[in-house]
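The two complexes that follow have chain A in common; it is paired with chain B in the first and with chain C in the second.
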Partner chain A sequence: MEQAHLSAESALDHLDRGVVLFTLGGVVFNATEASLAGVLLTALATLLYAVTRNRIANLEDFEFAESLPSPPGIDLGRFTLICQWLGSRQLFEGLLGDLVDPEIGGSAEAARRHIRAALWPALWARLREKIQALFWMDR
Partner chain B sequence: MPNRRERDFFPYILVALIAAALFFLLLMDRRSPIFSTPAGMAPFFFIVLAIAATLALYAMRAPAPASEQSDGLWLKWHRSGPIGGALTGLIFLWVYWAYDWPAPNRYEISERRVNEMCGIDPPVPDDLIIWTTPDPLTLIPGYMLVGMALGAVVGFFFPRWHKTMNQYARLTPAGPWLTHPYPSGLLFGLIFGALIGTWLCPMIFSISDGRPFIRLSTSAISVFLAVGFYLLFEVTHYRHRMTRGAYATLATVLGVGVLLTSLVWFLDAQLGISATAYCFFYDTWNTQTNELQPGWLPATAGAAYGAMCGAITMSVASGFMIIRAALTGNRDLST
Partner chain C sequence: MTDTPATKLSLTEALIAHLLRESAPAPLFGLELVRRSSSGDLKLKKGTIYVTLERMEKKGLVTSELETSPPPHFKEGDFYIPRRMYRLTPAGEQALIALEQAVARIPGFLVRS
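Right, the complex of A and B next:
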């Protein structure tokens, strides 16, 4: 069972790499012929794939989130939704874990400020790492 | 490993919808190219297939929802014949526009090419040929109304037809196969399609406002896609009760629809049936008054055209009736 799960994950990684390469190809082919509609549709399809794929990767990772109490000042539902669709469980736990620090989670305002400042750069860094891994640049 | 029946198959339907949407996109691309070259289009294909693969994976992993979703308001509305018919009319017009409407890269069948296409001698002078093409948007009300009327005919007459067939089947030894919704629906589609086609095709042809002639393949694709969409939306209503057998029926019905449509498409492309049908109509055309002269030729061509559309429509629509009857035990086809 575990073996089947791992091989499915590995196949999906290859699919991700294929999508990135085909996106590059699609953008280049259409751009050389100045077909803006082609470039945009290819980019849109890739965006849709990325979001769907990430959500499916997180399918079982957020079941516990419903039972968590909301930290003061944080809209846990919205934060969970963003992490489910765009991030990961590690990112979710990491950012919530930061709030244990009295410097950060001491007041609602400080907690909000931290999440606001940390969430989007963390998502961006995750995307960058993923793209680097797909292009074998992480080795 | 969860039980197969506990899985939510809705994403499979999403996959089918995405595939159908992609098909529409390809049709539109044929009219006014979106992608620069086939090489520019191929990556898009791959990405859409990848989306379909991930959704199918989701379908395999996701647990079934705790409670069955109650009737969505639009599904209820969707189930009535006239509204389904109006939507069918809209999809029909969309494919017609994408596939047949004049465009630089399209081989058009219309009066503008009649002399060359039908080999008319002496040629019809240009001033007797209507050159202007109407705005496709102005056709929307007409197509929706005709679709609504046809949907009402199917919704009203088919349950009665099937009831009559059941009674007839009990009286004759050779009739049991007619009690099944599929052959009964197919026969209904052929007969009513031919009757409606005899009346509607010459009438539409005689309007002649410069629009191109609807190819046989366009009609087949439009009817299959429109009724297929309708079937998929209906099936979503029963998705938590769908069994493996019901999905097999769904796949068979859609497969038969695809085969019939492909057959029409192939014959049309290989034998040039649409151009022949156009010339067939044109033989009885009065170019002075822009009206069809009375005669059997256009009526016969209209009957064949209508029977083909009717057979595809009812082939797909009766599939839904089989699925619903199997799932709910409801043999009444009236709702």
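Right, the complex of A and C next:
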């Protein structure tokens, strides 16, 4: 099972590399044609692919989230979706687990602040990690 | 017997590995790691700690498990999801030792201010 998961992940990595190459090619081609719309459309298509691909790849990992009660101040459905996009179950468990702390989970406002403050850096960290992995810079 | 080279650690990974080694055998959860790092020069951030821990687990440097019971301050009716507790693996410890040895070899005039 674990082996199948790893080989699926590796196959998806190859697919991602293909998409990145097409994106780079598309952006360069459209830029030489001075087509801003073309550049933006290429970038948008890549973003849509990335978000959907991560959602599909992480559907099973987040099945348990459907049975969780919503913590005060957090829209659990939206938070789950964002963590699926980021492809990180540990981020999901970690940030929600932090709410057990009375300082953070004590009020809806503090909980919301904690999640918001953590999600942006997490997004950049995941993006950097993904780019490094795609270009074999993580070895 | 062949010696496999220790995995290279980033600064953040090294700090996490150091904190986990200090607390061993007790495991630590992410927020506790962030809090324990706040007294040093290098601080861990709430936003990136879990991404880093996930990467370290994939590399085999740490291992994790969900806590089995809620913390003592937990009250009935509060929101609760079991926290993931992290421990340093032997590979993680080996990587940290390798880094410490590499740092020790740096000439003093390069590291002193």
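Throughout what follows, the second predicted complex is superposed on the first by the 131 of 139 C-alpha atoms of A that agree within 3 Å, B and C clash if a C-alpha of one lies under 4 Å from a C-alpha of the other, contacts with A are read in each partner's own complex, and residues count from 1 in each chain.
One rule holds in what follows: contacts are C-beta pairs under 8 Å (C-beta built on N, C-alpha and C of every residue); 3 or more make two chains touch, one makes a residue touch a chain.
None of these values were measured; they are calculated from a predicted model.
Applying the stated contact rule after C-alpha superposition, one finds that A:Ala8 touches chain B and leaves chain C untouched. By the touch criterion stated above, A:Trp120 is placed in contact with chain C alone, chain B being left untouched. Applying the stated contact rule after C-alpha superposition, one finds that A:Thr32 touches chain B and leaves chain C untouched.
Look at A:Leu68: by the touch rule set out above, it reaches chain C but stays clear of chain B.
Applying the stated contact rule after C-alpha superposition, one finds that A:Leu95 touches chain C and leaves chain B untouched.
The touching residues of chain A, counted against chain B in their complex, run 1, 8, 12, 15, 18-19, 22-23, 25-26, 29-30, 32-35, 37-38, 41-42, 45-46, 48-49, 52-53, 56, 59-60.
By the touch criterion stated above, chain A contacts chain C in their complex at residues 68-69, 71-72, 88-91, 93-102, 104-105, 114, 117-122, 125-126, 129.
Those residues of chain B that touch chain A in the complex are listed here as 1, 33-37, 39-44, 46-48, 50-51, 53-55, 57-58, 61-62.
In the complex of the two chains, the chain C residues touching chain A come out as 29-31, 45-55, 57, 64, 66, 70-71, 73-74, 78-84.
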